[in-house]
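The following pair of complexes shares a single chain, subunit A, combined with subunit B in the former and subunit C in the latter.
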Partner chain A sequence: MAIAAIQILNTMASLALISLGLAVIFGMMRVMNFAHGELLMLGAYSVQFANAYGVNIWIAMFVVAPVVVGLIGILIERLVIRHLYGRMMDTLLATWGLSLFITGLVTMVFGNVTRGLSTPLGSFEIGGIRDSSYKFLIIGVTIALFVAIYAVLRHTRVGLIARATMDNPRQVGVMGINPGYVYTATFAVGAALTGLAGAIMAPLTGVLPTMGAAYIGKAFITVICGGDAIFAGTASAAVLFGLINQTTTILLTPEFGEVALLLGALLMLRILPSGLSSLFSRRAV
Partner chain B sequence: MARVPLAIQLGAIALAGAAVIVALPSFIGYDTILQITLNFAFAILALSLGFVWGYAGIFSFGQAAFFGLGGYAYAAAAINFGDSTPAILIGVLLPALFALVLGYFVFYARLSSIYVAVITLVVTLILYKFMGQTAKPSYMIGNAMLGGYNGIPAIPPLNVPGRPDLFAGPEEMFVIAGLTALAVYIGLRVLLAARLGKIVVGMRENELRMELLGFDTRFYKLVAFVIAAAIAGLGGVMFANWNAFIDPHVFGLGFSAQPIIWVMIGGLGTLIGPILGAFILSTLSLELGTQKTIDINLILGLVFTVFVLLVPQGIIPTLRKFWTDRRPARDPDAGANASREASSHG
Partner chain C sequence: MAERGAPLLETRGVGMRFGGVKAVEDVDFRLEEGELRCLIGPNGAGKSTFFRCLTKQYQPTSGTVLLRGRDVTRAPTHAIARQGVGIKTQVPNVFDGLTVRENLRLAATARHRGRAIDEACDQAIERLSLKAIGGHRLDRLSHGQRQWVELAMVVTSRPALILLDEPTAGMTHAEVEHTAALIQELNRDSALIVVEHDMQFIRSIATGVTVFHQGRIFADGTAETIMRDPRVGEIYLGKRNLLS
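Presenting the complex of A and B:
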């Protein structure tokens, strides 16, 4: 039972973690980034590559991967997304074209093979069932990231500027801050968080050019079901869908877990079209 | 230029097209026949997306999934019945039914187009995984094994209704697929000229206004979505026939990407554009697929992104615009007419 509880918590945390970067980009900028899966994949490659060249695994995971993917995010924002603000459908299509491009590029460079990465930390044992201690790391990191981002957005000057820019870029411009930089920075932060998530997931799944496809479905569903209050919404959607997914997985198979997640999402959106966060107060972020 | 009445125009296209399709197999080689038959199946898929995206304004990531469902339904039914006639019907109805249920949830919840895109993508991804794990013997539909990632082999070909011994060879299949694609094109042209077509295009242009005029846009979106799914299913039936085999890759991201690229590059808001896109790009993909130096996704992704940024209307509307801009306007209304023509007729 304790094991099941940890597994359910872990699924919730993983969902929240892989959705966080997408939530930042979609929630703040209204850009649906269809290359999200590829940013996760690039994060995974960064940690695998850095580790293979002798960088300490924790530095590779928590420093190299977010920095590399954040820089790629800046590049994507400057080259593509910048030209399409306000055209949501076109941004979706352009980022989706990018996702194909990045998959193709990585396949060409690294080959269509799965690279392994050993899972750090050992295992723990409860009631005769062994499981990886890495699960605790995922849970801990996810909680820490959510708290940190919430605190930054709510209580710091940078967070205030970011929220103000999303609300009214012109007014922010009048006050002497270039909204263009704020957009670039926001996208870069979202990309960096995605890269970090990909790096953390890498030891569990192996690293492969098409690995993004395994995550994007869940991440998209979690973010769009979250609704307007992006962090509270994403967190609560991750809790709800993590519970549905993992319970169904334990009872049936992982495939049915995903089907149940989708059905749950469709039902939920039918009842609450503006997402889970429409249940909370307006002041939530 | 005097406008030719639509009925005459379409009649001429139907006759000329049918004549070419029936005559062509005698002049081209076996390989080309097979390749073009596949292109016809893809053209039907492209038309379904061209309609639902270009005219109804609903971006559906799931057209390939409906195509795949049609193929799978045909395969399972044809293996069980031994006769292709009811199987074709099932291959069209199953995706339509699936779209009806899915569409009810998304359109009656009034989800925005971004949400619809995301949900249709997720459905496609889940179908891929789900069909992949059906290798266990428990996944049998009558006598048909779904076979997981190995797919369903030896799908019976189309036959003369009631006579399973008289089945279509490659040349007959070419003609059947070609005429089906032509019929779908003509059918969509007629539909777009009819009341339903006008409502659907009106909805794309201004949903709120249509609603204020008293149309239930949720209902019409659902109708357009279901029609498109049925057409995609028909394409899937042709595909399963061409291949005599179907596997879950039709639900994969790479395959789902293709119709979107065809429609986007051929031209959104036209019907001939998607057909052209399907023919050119699937032939190109085949050529590029034979060489190993450059990954096909890299090229398709790059071309697609560049098109979204620089030529968002696609090839056909851009050419049309170029053509009408070059001609001197005889009366002040000519330009307006021309652009209306470009946006409302395929």
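Presenting the complex of A and C:
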């Protein structure tokens, strides 16, 4: 029972973690980033690569991966996204093209092989069942990230500027704020969080060029079903779908778990078309 | 380069067209440091559009805009704001999802840092009696309250040049008087351009009046001479003069 609870918490946290960067970018900028899975993949490569070259695993995971992918995010925003603001369809197509391009490039450079990364932290045992202690790390980091983002948005100057830009982008210029900087910074933060998520997931999934495809669907479902209150929504959708997915996985098989998640999402959007957060909040954050 | 003795604001031949509509045309306008000017003109004369050309919320389609002699024709909105131009638009343009205090903080960050932000907010809240609604979100407020918040945002950021587009629209008589006093107080530190329709109000605050008509400057002068000018009366309300 305790093991089941930990597994369910872990699935919830993993969903929230892989969706967080997407939530930042979609929530703040209304940009549907179809290259989200590839940013996760680049985070995974960053940690694997840095670690293979002797960088301490924690530094590779918590510093190298987010910094590398954050910088790539700046590049993507400046070269592609910036020219397409307000054009949802064009942005979608452009980022989809970008995802193919990044996958192709990484395949060319690193080859279409799965690279491994040993899971740190060993294992724990409850009632005769062993499981990886890494699950606690995923749960802890996810909670810490959500709390940190909430605190920054609510209580800092930067957070105030971010919320204002989200609220009324045409008016922030009048306040002396350059909306271009805000968008670049937001995209960079979203990308960095995504890179970190990819790095954290890397030891569990292995690292290969096409790994992004496994994440993108779930991340989109979680963010979309979350609704307008982007962070509370994403968190609550992750909790709901994590519960459905992992419970079904324990009772039946992982395949049924995935199917149950999808059915749950469809049903939920049918009942609550404006997302889970419409139940409890009108706030944007 | 800032020239010595250059006016605070100067426009040369500024024009703004929307497709075939010439909303503002060939406007030469000068405002000295510390000046208080009223802008009047019938509906659709181009007053609001002219303001937006100054803040670059619209990019003028012709002409030059100079701030203290520096050419800012190509500068974006945020750069204009940082050079000390604040605007209160005709339709309250505020951040609906944020509280009154957060809106003020945001305005204050344009000019202040650290503790000075809170002090500027406190002063504006005090000065405009907004204490009771400080924690309310803007989308919960009435139109009139939003007007006051936007005025307070301008007060908080203390710009060198303040543009007010119909600040008294929809206000009660007492509120209008309050606003007139506020404008005169602001004028101690800042130059102002105020778009107004209420002649009584203009006479109580103004030194100079500029009349817009069909996108162009139609007349210029003191409040008294403008109000007695029969040509102005005609374009304005079809009246013989504005005092009748």
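By definition in this document, the second predicted complex is superposed on the first by the 283 of 285 C-alpha atoms of A that agree within 3 Å, B and C clash if a C-alpha of one lies under 4 Å from a C-alpha of the other, contacts with A are read in each partner's own complex, and residues count from 1 in each chain.
Please note the rule applied: a residue touches a chain if its C-beta (ideal position, glycine included) is under 8 Å from a C-beta of that chain, and two chains touch if they have at least 3 such contacts.
Since the structure is predicted, the reported quantities are computational estimates derived from the model, not experimental observations.
Asker: A:224 contacts which: subunit B (first), subunit C (second), both, neither?
Answerer: A:224: touches subunit B, not subunit C.
Asker: Identify the partner contact of A:216: answer first if only subunit B is touched, second if only subunit C is, both if each is, neither if none is.
Answerer: Once the two structures are laid over each other on A, A:216 reaches subunit B alone.
Asker: Please determine whether it is subunit B or subunit C that touches the greater number of subunit A residues.
Answerer: B
Asker: Considering only touches as defined above, state whether A:160 meets subunit B (first), subunit C (second), both or neither.
Answerer: second
Asker: Let me test your reading of the model: by the given contact rule, A:262 touches which partner, first (subunit B), second (subunit C), both or neither?
Answerer: first
Asker: What is the contact status of A:147 with respect to subunit B (first) and subunit C (second): first, second, both, or neither?
Answerer: Neither partner.
Asker: Using the touch definition from the top, say if A:179 reaches subunit B (first), subunit C (second), both or neither.
Answerer: Touch partner of A:179: subunit C, not subunit B.
Asker: Of the two partner chains, subunit B (first) and subunit C (second), which one does A:251 touch, if any: first, second, both, or neither?
Answerer: In the superposition, A:251 contacts neither subunit B nor subunit C.
Asker: Given the touch rule stated above, what does A:121 touch, subunit B (first), subunit C (second), both, or neither?
Answerer: It touches nothing on subunit B or subunit C.
Asker: In their shared complex, at which residues does subunit C touch subunit A?
Answerer: 55-57, 76-79, 81-82, 86-87, 93-98, 102, 105-107, 109-111, 157
Asker: Quick check on the complex: what are the subunit A residues that touch subunit C?
Answerer: 157, 160-161, 163-164, 166-168, 170-179, 283-284
Asker: Give the list of subunit B residues in touch with subunit A in this complex.
Answerer: My answer: residues 59, 102, 105-106, 108-111, 113-115, 117-119, 121-123, 125-126, 129-130, 133, 253, 257, 260, 264, 294-305, 307-309, 312.
Asker: Looking at the complex, which residues from subunit A come into contact with subunit B?
Answerer: Checking each residue of subunit A against subunit B gives 32, 34, 80, 83-84, 88-90, 92-94, 96-105, 107-108, 210, 213, 216-217, 220-221, 224, 253, 255, 258-259, 262, 265-267, 269-270, 273.
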